[in-house]
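After this come two complexes, each holding chain A, first together with chain B and then together with chain C.
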Partner chain A sequence: MIWMSTITTGWGVISMARIDHTFASRIEMFGGIDFTACYNCGHCTAVCPLVEENASFPRRMLRYTILGMEEDIQSSLDPWLCYYCGDCSETCPRQSNPGEIMMSLRRYLTSVYDWTGFSRRFYTSRKWEFGSIAAVAAVVVLLFALFLRPTADPSGLINADGGVKINSFVEGMSSETFVSVIEIGDWVMAAIVSFFLLSNIFNMYLKVVVRNRKVSPPLSLYVKEAWNLVYHFATQIKLSKCSDRTYWGLHWLLMSGYTIMFTMIVLFLPWFQVEKIHPIYHPQRFLGYYATFGLLLGLIVWSVQRIRKSGEKHRYSHSTDWLFLVMLFLTTLTGILVHIFRISGMVPQTYYTFVIHLAILVPMLVVEVPFSKWSHLAYRPFATYFYNLINSARMLEEKKKK
Partner chain B sequence: MRNRIAVYICHCGSNIADHVDVEAVRDAIAGEEGVVLAKTTMFACSDSAQSEMIEDIRENDIDGMVVASCSPKLHLFTFRSVAERAGLNPYNYVQANIREQVSWAHSDKPEQATEKALQIVRMAVAKARLSAPLTPPSITSENVILVVGAGVAGMRAAIELADMGSKVYLIEKDHYVGGRAGQWGNLHVPGVKGEGLVKDLYEEVAGREGITLFTGTEVISSSGSVGSFELTLRRSPRYFNPKGIDTSGSEFTGKVRKAVEACPEELDDDYDFGLTARKAFRHSHPGQFPDLPSVDMQACTRCGKCAEILEGVDLEQEEQRVTVKAGAVILCTGFSPYQPQEGEFGYGEIENVISLQEFRRMMALSGSGGRLLFRGRPVNTISYIYCVGSRQLEGDNKYCSRYCCSAAIHTANLVREKFPGVRNFHFHRGIRSYGKLEELYEISCSEGDIYFQSRDDELPEVIKEDGETIVKIADILTSGRDIEVGADLVVLVTGMVPRDNSRLVDVLKVPVGRDRFFNEVHPKLKPVEVVIDGIYIAGACQSPRNINESMNSALSAAVKSNSLVSSGEIELEPTMAAVDRSLCGWCGECARACPFDAIVREQYEGKEVAAVNEANCKGCGMCLPVCPVNAIQLTGSSDAEIESMIEALIDLK
Partner chain C sequence: MQKESGHAEYDVLVVGGGIAGQEAALNMGSMGYQVLLVEKDLSMGGKMLQLSKVFPTLDCAACIATPKVSETARHPNITIFTNSEMKDLSREENGSFSGILVKSPRYIDEHACTGCQDCEEACPVIVRDQYQYNLVGRKAAYIPFSIASPRVAAIDIDNCILCGACERACPADAVDFRQEKEEMPVRVKTVIIATGFRLFDPTVIERYNYRKLRNVITSMQMERQLVPTRPYNNVLRPGDGKMPDNIAYLLCTGSRDETLGNPICSQVCCMYSIKQAQLVLGALPMADVTIYYIDIRAFGKGFEEFYRQTFDMGVEFVKGKVAEIDGEEDGDLILKYEDVETSTIKEARHDMVVLSVGILANRDPENLFTGGELDIDEYGYVRQPAQLSSPASTSMEGVFVAGTASAPMDIPDSISSAGAAAAEAAGYLRKGMMK
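The block that comes next holds the complex of A and B.
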């Protein structure tokens, strides 16, 4: 039995641990539910399809949570290596919801990696959660109201093809300038988001690789294992090892749609946001429709499943789960509306929906990507990267010893 | 000499017939001297085979019978009963074991197996030829039962016996009945307190005419045997005579309280494990009965202050001896909590380390509400260390004390209910909350108690560091990590040890196991009997157990003892030692060899000879080989029978 061993299992480094029984109640704020009934039988670990020799979960994480061994949790990658199929919670003879504990620990770790402390507030306080979203939305609306007010005269805003000229709303501002303004806004937002996200990832790196580990990977390994980042981001192949493979398909569809949309908006805005309405087979429209379809399908299916609480994965929903779904859904919906109003030549509707669209999209990205659920798009591939990095480093060291 | 013997060779389905040629055995035995009938049968124990045997015996005027089948442990009594039903004396039946001793043991050598089977059957036939028809002797018995120990088990047994019509002497060493159950406060049955349980039982005992209760009483000597034990009891004085005094009113209680206050001699109250003090002149605790004062003469200085206040105090009372006759005895002497050694998990050295029993008593004495305090300091975290004094790797107590896992968990649940916010940590070696008690564990887990598990050879440690008491454990459940838990109170979950019963063991010759608890004959077949006929055991004096289990065994012992003595006559096994008085010259060797005190000396035609006390003899045969003049025979296994069997065995070639 793995847990009978008195030497290290996984990468745990033996040290005297002082328990902290108040930790369990803190984790409850991140969504942990009824987990104290656990009697350590290990069914959860036995049924998990993702468990490997050096990644044994969720039993150990659940145990650490109950005992409040915060350092061990913070230095562990296990929560990120779990993709929540829910088999563990289904099998648990004590209904201790190990799957939901792993989910809660991901939320907790997100807040731990975040050095600003905002993430913790976002996860544990409804006021901060909704307040921050509303504040950013208000800034967006305010910026439009101050600097990008619509022209009083809507004539001349209709294209020859009957569609609305989306970049010519603002009086006295040329189409090119408008796109540049939005693009600069994009870059500013991307810079803010990247700064926080990358610094949080660096924090994660410090906790899981640098501190509390007995391995020090050589620089060459960092380069050698870097393919993991791209590969796992693009394929999410680990998720496919969960028992429910359709979930992986759906998740991939949504993720690819989101990535395409994000890339078009941030990197290729002058190409994406043009006055002219392209013919239907144009890649701009084609890719846009693909992305919209992927987003919508995923969002609708998961919302229904969360409402119906179908399966362990969707039984419990933290308020941030819902916020995430709703924000993305509203972004998609307003995006679709902007598109419909545009091709129908409805000028004021197009403008106001566009503003609303940005007032949802921007807070969603600024708040959720570095500080909340969206961050998993980075933490998951990085976790796999770090995991393989540490494993390879250990193997290297063992080889040297021999 | 039997010369019309029937022999049955059993196939036992394929169990015997697959490896032993039963037909060949039958053919060979058919020609044996005295055998008039030899048959094989598929299942000798089946109803149809039994009916056939009965018919055979009747029609062929059979006077001896052999069944070659399985072990006599399994079917000796089955076939004895067949013989009896057919009108044949059951002791003319002999069983030959050709299954356990032949077919199962030699399945690889069928030829030799058949040969051995034949030898065994021939020996059985030889024995049957010489077998004598025996009649079981019977002795008279008193329908009176002495119950030793008036705790919950003893009282329960006494009540049941009285209801079944036996007269009961219920004796209790202490001046109060109730034993230990009253000490524990809330029991795990919701709404039931130990003291309430004792009160109910005491009232039932008091309401039954058939029960005579002696408090302050011990057995000091015993003679006789099953059916008519003669027991001498010593009654130590209570130093209070309630005769002619109204002891029910509040006036009396008030006077008793004053008398207690007036008593100058103060000592630790052992009923409260020293948590409180008591006086030499003392009154009963709730959960102790009768509700009368008594004087602890070991502490009393006979100053007489109590007698000045309370009428009825008589410091001149003297010890009495009473002799009673009883057909059977039930021992319900209970247990003592294991007393941790100095320094065992910090006990006695670190001030906030106490035993489970002490903690239970503390809980029972403390009021509800407010905060849990220990020595004036608030308790927010409690660590329970399990198996203290039980399952010892080194040390004598190898046994599991059985009740303590559930008791500790129940205590933790009680603490949480009574003092919300207190956290419980359990350091165990495998939780054994068996049966319905699992529910307690379930509650404890889901309410957030934390469990740690250690290996038997890597026990937790209790240390004191910077004024804080810390429990350290290499926790199996956390990959063997060393974990520290700070504790405001450490409770050692101490197990059970038997009370000091040395006098009783001496007087009644009750067998004691390696664990020092009383030993039953067989845990399944004779669970409340000891090897001494007429003596029964019940409750925690037999092995560690909880109140439920003590009650069960008390009822078993009551029913078994009542069924033994209630008819007034006890039938004995006839297979016992018999002395040829003409040969015997009393050297005493046999009496010294007898483990059951069954051999006595008597006068016969002007000389001293040995005689067998039939009630005590078990037919073990220990006395036979030591007799220098071969004056003792074992009825049913006489020299002649055994020798003829040996002859049959060596004759075969």
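The block that comes next holds the complex of A and C.
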């Protein structure tokens, strides 16, 4: 625990913070590397293209980490306002990787917001990381093995156009029922994911807005600033402020592809997963192809960059970074295979690949969205929302004073 | 001193004629040893002779250095070769070293030249003056600087157009374009390396725009503007000749920076910048001076008091390493930095910026001995294997190191180090060299 006290000296009142040297070693488990070399010159903050008047990072966060000022870190939005352009790490005179410490603090904050304590285990233990993914995958496979076993007679599973009927595998289950079962599964999963993610966001809100107590925004401001959520979720425009704008383009391509795919699968499953194979110009198909292209391109480029350690952004990879890329890559790959097998009329291959596809997709979403790297899809826009909320509230208060 | 083998023989070879080299040579000479002093440059004196005043006493640098140069030049036991270098130094069986002294031509008869500067007047070629750190021009036929030793002209043959104007103008017939490189074999019993340092070239830091923005200068350029023999006879910014009234110093330019391959402290930049700030306040009483620092390292005798005094004189100290310098249309400069004390990002406008450049190792000693016997440390300085028990000794027996050839240090430390090197070299000779 940090305690603050004040002493009165000849120079006036000085606040004192107790330092906690164990905090730095805890952050090392979240990926921080060589950051204690920092000599506090502020060069990183000065080169950062993203800092603003009320958001000055990364030096301060680095300092807080070294001193172990945990509460100041927990109530800060700075880690989420950093998009890891890498300029700071590249030019750091001590090579203390300020960009990587911001990344590590994002992982740490993800674990702090998560009230279940699962996220912390996930980030700091390989056993928990791979074990939890394997466990959820096993549940998916088990559900299929118990309730959605394939029919023994594959005849009649081929459409007139030669493709595989994807919704008629299970004996005695109509195509409509099958889709409904999968859809219910989707909604159950979405409900679980949303429950944890939203409660974590609420926890974040408590830490950065409520307990921070610097300002108390009126309700009208919450509504007025809400556009930030939609705008920043859809555009990730802050990322485009980095000197390398191609990264933003690639990220947007992948993210939009992923969102389209997710929307089609969860919200429009009866429209998306149909027996008939649509002609190529049908939106269901070209949206799918767009999503696949975006996902593949992003994943391949970033994997290559992480392997080559090219640029500061990809120099250090936490195991969760790789898990994120690999899971998403396998999801995309099995999705493509299901599509190919369907078109080619290969019945058993279609079924088993479909099961594997779900056994990768489901754990990825259930585990990573509320508890790990995927959570940034919510924390990033919410951080910008809270940041603008606090700033507007502060301006409002200053205006009132005048 | 010619012997039958054709080698000129000396007791000690001192490589480098800066303040450390002179001190070592004088000590050895006064102990009765025959000294060969080899200086690469056209003049003795090294970097100290270019400085205005020294910290923290504010003594005039030239007033200390010039008498020392004269004393060295006139010492009966010291033989000086300027514009010369040693090559192929190697150890012989009896422990002494033999090598070749290479004297480059200056195309002037050193003994005939009177230093009257008529050739300079006649020469039609103007190039940048390296002794004024490119602030002004000089001729291709020139005397390096007013207090050069020897005060003898030289022809800059790379820029010379061979028009012969100097030859016609010279009243002493000293110009001689037929001069060639001279090589003479030399044998010495011991060697003192006093090759000094290089200054960091800030053009490699692209964000500082040195050379692109003309009002961004190095600390050595500022130093030249503060000496009595200064090029503009005043402190002016080079871009437009305006008298600056808001000057910034950027400490640790090229020092303590892993990205530039020089992670160590240069030891002198804090103090020389503080000294220059005081001198600027003297030269331009209305000027504001701001020093941007990472840490102020005022560790030596009288340093902290000097720093406090400068602070009290009104020089502003800002903790924060400047990330970028941008130019305005009127020649002013915008610095971007984080004010670390308040943790806010700031921009500041100055009309002149001085980059307090650091010290880098002079790489010359690496190739001094054939076979690379001399150990060099990770930063390019001559390694001191027994820094505490025998600070001047190197990895080679009979070879000693003095001054900034071993590490960054200030002038008093360089002189002390040269004294130690002379004492150790003398002890080595008295003991009868290698056992």
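By our rule, the second predicted complex is superposed on the first by the 386 of 402 C-alpha atoms of A that agree within 3 Å, B and C clash if a C-alpha of one lies under 4 Å from a C-alpha of the other, contacts with A are read in each partner's own complex, and residues count from 1 in each chain.
Quick note on the criterion: a residue touches a chain if its C-beta (ideal position, glycine included) is under 8 Å from a C-beta of that chain, and two chains touch if they have at least 3 such contacts.
Predicted model only: the values in this text are computed from it and were never measured.
Asker: By the touch definition at the top of the document, which applies to A:66: first (chain B), second (chain C), both, or neither?
Answerer: A:66: touches chain B, not chain C.
Asker: Just to be sure I read the superposition right, which of the two partners does A:45 touch: chain B = first, chain C = second, or both, or neither?
Answerer: second
Asker: Using the touch definition from the top, say if A:94 reaches chain B (first), chain C (second), both or neither.
Answerer: Touch status of A:94: both partners.
Asker: Figure out whether A:380 sits in contact with chain B (first) or chain C (second), or with both, or with neither.
Answerer: A:380 contacts neither chain B nor chain C.
Asker: For A:24 in the superposed arrangement: first (chain B), second (chain C), both or neither?
Answerer: first
Asker: Once chain A of both complexes is superposed, is A:34 in touch with chain B (first), chain C (second), both, or neither?
Answerer: first
Asker: Is A:313 touching the first partner chain B, the second partner chain C, both, or neither of them?
Answerer: neither
Asker: Between chain B and chain C, pick out the one touching the greater number of residues of chain A.
Answerer: Touched residues of chain A are more numerous for B.
Asker: Which parts of chain A are in contact with chain B and also with chain C?
Answerer: Comparing the two interfaces on chain A, one with chain B and one with chain C, the shared residues are 39-40, 60, 94.
Asker: Quick one: in the complex, what on chain B touches chain A?
Answerer: Against chain A, chain B makes touches at 381, 423, 425, 442, 445-451, 453, 472, 474, 476-486.
Asker: Can you list the residues on chain C that touch chain A in the complex?
Answerer: Residue list for chain C touching chain A: 207, 252, 256-260, 263, 294-295, 319-324, 336-340, 343-345.
Asker: What part of chain A is in contact with chain C in the complex they form?
Answerer: Those in contact with chain C are residues 39-43, 45-47, 51-53, 56, 59-60, 90-95.
Asker: Can you list the residues on chain A that touch chain B in the complex?
Answerer: 2-9, 12, 14-19, 21, 24, 34, 36-40, 60, 63-64, 66-67, 69, 94
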